[in-house]
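Presented below are the structures under discussion, each in the form of structure tokens.
Look at the two complexes coming up: chain A is in both, with chain B in one and chain C in the other.
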Partner chain A sequence: MKALSFLGIKGKIGLIIILFVVFIGITAPVISPYDPTSLFEPFEPPSSTHLLGTDDVGHDVLTILIYGARVSILVGFATATISTFIGLLTALIAGCYEGLDPIISRILDFFLVIPRIPFIVIISAFLTPNIFIVILVLSFFGWAKTARVIKPLVKQVYSREYVKRLKCIGAGNWYIILRHILPATFPLAVAQFVLEGGHAILAEASIGFFGLEDPSTLSWGMEINHALQKSIIFLTNIWTWVLGPPILMLTITLLSTTFISIDLETRINPRLKVRSW
Partner chain B sequence: MMRFNSLKTPLVQGINLTKIFRYGLIWGEPVEAVKNVNINLLRGASLSLTGESGSGKTTLGKILLGIIRPTSGKVLFNGIDLTNPKRVPKYIRRMMSYIPQHPEEAFDPRWRLYDNIAEPLRIHKLIGSKEEEKEIIFKLAEDVSLDTSLLNRRPFEVSGGEIQRAVIASALATNPLFMVCDEPTSMLDISTQADILRLLKNIRDKLNISLLFISHDIEIASFMGFKIAVMLKGRIVEMADVDKLINEPLHPYTQGLLGIVKVEYVSSYAKNCRGCPYYDRCPVKMLPCREKEPKLKNVGGDHYVACFRY
Partner chain C sequence: MGVSRRFFVSKAAFYISLFILSITTVFLLVRMMPGSPLDYLGGEAEDVPYILTEEVREKLLSYYGLDKPLWEQYIVFVNNLLHLNFGYSIYFSEPVTRILLPHLMRTLILITLGFLFSISISFPLSIISAWRRGSTLDTIITLLSMSIYSIPSFALAILFLIVFSVELKLFPLIGFSAEENILDILWYALGPAMVFAVAESGRAYYFMRNSFISELDKDYILFAKSKGLKNKTIILRHLLRGSLSPIISKLALLFGYSLLSCMFVENVFNYPGITWLLLISYEYYDYPVLESILLIFMFTVIVMNAIADIISFIIDPRVRGGWM
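Entry: the complex of A and B
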């Protein structure tokens, strides 16, 4: 409850949406109207039997949407967890061990310069594209941004007078890091976690959109990819129920993560707040 | 475990201490924060350091605590070398404490005062149970006249004087032998300053702690110390017993601080200088003062001064 009161209106709206998406992903086998492998008449319009119609193959669109949430949430959560953990650890080491900072900063620069999606395209050419490879590759790049954002805060806290006082009385570096610096950077790490999760969901959808994923993966990106392969959908109103829902779900999910992370960052650093006159 | 009961052996010794900071990416303009300083502090003795801002008082204090590594020279704590901060044994750290200038920054703002005061005890694992810890913390709070009802509050929820009392309580938690107070009253109002100074003096006398008291105010410095050292641009320019220095200051800079001689204010940035560091402002400068730096010498009765006039 205290955590909820920390969020503003935007953050609360974002949290409700993301919790809703997580809920439908977790309960997919229960709430989904049909089995994801069931096939029906292709391009059926929305009706009482198929609330969002069917796609080009004959899958129920609502079923694909619900199961697609699982993939997005899994990729988003796993990538965010790995990236935030490695990024936070790197930031703590770089911020508290002055000698290692220049080396780590140059490594961060290297990882920040490489574009994610083209690199994934290259990786996909050599490896079988499955969900775990996607998570690994996205995490491989995600940690650098987190480390870059958190490092200045670590340095700021480490240079504070009470840290010098603690070192004077015999506190070790890792004691100070775990008891004082980590709690101080936790809110920013959470904001980065949410933001990184959103980026990972978008990146995964992009990979699916480009057809670089395992074709049997039930993701929103793959659904958009399948829909766009049939240009006939734009000659009629089929695109409204085949293309619209996955794009809408993706947009809403990304907006929710953006709302939460912006709200958290504004709370942590009030100078980021945009004043309305 | 070392025994610290000799009254003649210095507890804290700084031998030829120099600290040069370098700024800038490549060329690194050097700044001599401390230059050729020798300090001896006996057990139970009290030395005040005074001087203008940027004279190197805080840097010297941190070098003696083993927080900053000197560029050259040695720091000894009862014979144990503290020169490399990373190699200072933990049991030695337990015998030191530090009271910083800004009381509101001396504690973690997320922790209650109770936990901040108890932290030194927890770091050194000096308490067996929560009840024992509570008893010790409450006793410390009483010793520094801190209302125990404030212990559950966070630092930003109490006044400056109350935080400073809590900082002193935390500093006393491990029964230190050596304490550095870095301008502990400069951020407080006059009446609170007097209370804190009296408290520190009582603690020093009751617990026989060796105290290094840093203050830019020579009157406050003279209230706290048995001996007083005046610093200028990283050097000690005069050192004597408090009464002697206040009544018979010899160095023109000390005379200026006491208001005996009018001094023109210049930038306090400590730059390298070949001759006397006070040459630019000295009203009685002589020819050798420009080219050669005067050494600190005993002019009689344990009174040291670095001036060619003596």
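Entry: the complex of A and C
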């Protein structure tokens, strides 16, 4: 528990929830009650055989929920990794090589005005968005934000006295960057990583929500999309088990990433700190 | 004067290049989409496999100017845009502006209403909790707004529909009426606008609270307090004035993005706004409509960025020296 002392109580709660979702995702084939492809009677209410009932085509909702955790976590983690890596690299280059900074800044500005969801709609006409395409597209749109946030910090550290001294004793630029500047950006990069992970999970669910994902993908967003297309679920209480659980899982996951990232943010910028809760 | 002229010229050059870049991106992505608008001219493709003869097909292509090479189409497209001509919708067979404007109006009504609601909730709350930072009240408000911020807006919209339309039957379950009466339009916009306001208020609250807090930590506020000024005077004269610039420019940005963030709410409510049109024009490869909508999305964000720049230039003289 000592390793986690940098997290406050909010962050710890968030971390526990995220680890729980990760656990569900990894052990999905073991803990899910049925095979994700097996079909039963549609719209069966929750019972002892189907703890959360079945959906419109007859999938067991609990099974879909468990496999959906897998998609969300994979997309969140992979997207956050790729975009933090590229964003951090760009920030380091732009912050330490002054000549390249104006060009990189303009490229970042362009990426920041691209509307993410409409473009994903268009891109899904070119490629059927399976998980890997979704990850690539989301990272393509995500890295610029990270670069934008980290760049000022890199600049600030790079202009410090000790960096100048290092240069005087003949340290190479990349030695300074890797050994001295990269570690200084680490806390901010971690906060950005968590934030971007949350954004990616939300964006993936949004793509599913618009029904643009590969139809065979078992994600929370697609489940919500399928449920919403059958307006019959609102006439009776079917929505309580078809629509409720995926929305609840998504919200809990996003809450936990927000908790962690805001907790990290108050640690980096202590002025924002509220009481120690 | 010299500094501000250089500021405007370099900013203008930057924004113009952004416009050109976004026009090109939109054009290329849309025109290169696999599929053709002609597939849907004969009605729904899956219902009626409407086969056009080669001759008719070529005629139609040349009628819509789609037989030319891509670069020629691009020149025509840009030329039309410069004359504010958005083209002729292939699917609806009407000028794009005739199709687009009613839907855009509906969306604008929604986001303006929602934005007003959201600011009137989050602005006072953020002042209260920044002023009494660390109190139980602040803790509760912050926790609540963080939770709202994390809930996807479509989830909030579904929740609203279930509670107010399905269970309580206060609001209509479908997104529009056939009558085009202004009261009706407002009535159908009210539900989505409320959901949108709640969804946006978490974000607005959080950044407003942060900018108030960083302003409150400055020495001149402490000085004002030690002079014995009333809290009301400090907040109105000093705190608001000092933190208004970042807040207004951030609000302008948020308003620009709200055209995008309202997509989910519109979709859940089946609201006849721009999202509906986007999805239809995407489905039927209606190039002119699709391009116009994407350009509107990008232009709003760019223009709001420019407005945010100008606002911070006018309000905050420090910006004038420090750009680029």
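Definition applied: the second predicted complex is superposed on the first by the 270 of 277 C-alpha atoms of A that agree within 3 Å, B and C clash if a C-alpha of one lies under 4 Å from a C-alpha of the other, contacts with A are read in each partner's own complex, and residues count from 1 in each chain.
Here is the rule we go by: contacts are C-beta pairs under 8 Å (C-beta built on N, C-alpha and C of every residue); 3 or more make two chains touch, one makes a residue touch a chain.
Note that the coordinates shown come from a computational prediction; the quantities given were computed from them, not determined experimentally.
Of the two partner chains, chain B is the only one touched by A:K167; chain C is not.
Ranked by how many residues of chain A each touches, chain B and chain C are led by C. By the document's definition of touching, of the two partners only chain B reaches A:Y175; chain C does not. When the two complexes are overlaid on their common chain A, residue A:P183 makes contact with chain B while staying clear of chain C.
Comparing the two interfaces of chain A, the one with chain B and the one with chain C have no residue in common.
Contacts from chain A toward chain B in the complex involve residues 160-162, 164-171, 175, 180, 183-184. Of all residues in chain C, those touching chain A in their complex are 14, 17-18, 21-22, 25, 29-30, 32-35, 133-134, 138-139, 142, 146-147, 149-152, 154-155, 158-159, 161-162, 166, 173, 210, 213-214, 217, 260, 263-264, 267-268, 278-279, 282, 290, 293-294, 297-298, 301-302, 305, 324. Residue ranges of chain B in contact with chain A, taken from their complex: 62, 65-67, 85, 90, 93-94, 96-98, 100-102, 105-108, 110, 119-120, 123-124, 174.
Against chain C, in their complex, chain A makes its touches with residues 102, 106, 109-110, 113-119, 121-123, 125-126, 198, 202, 205-206, 209-210, 224, 228, 234, 239, 243, 247, 250-251, 254-255, 257-259, 262, 271-272, 274-275, 277.
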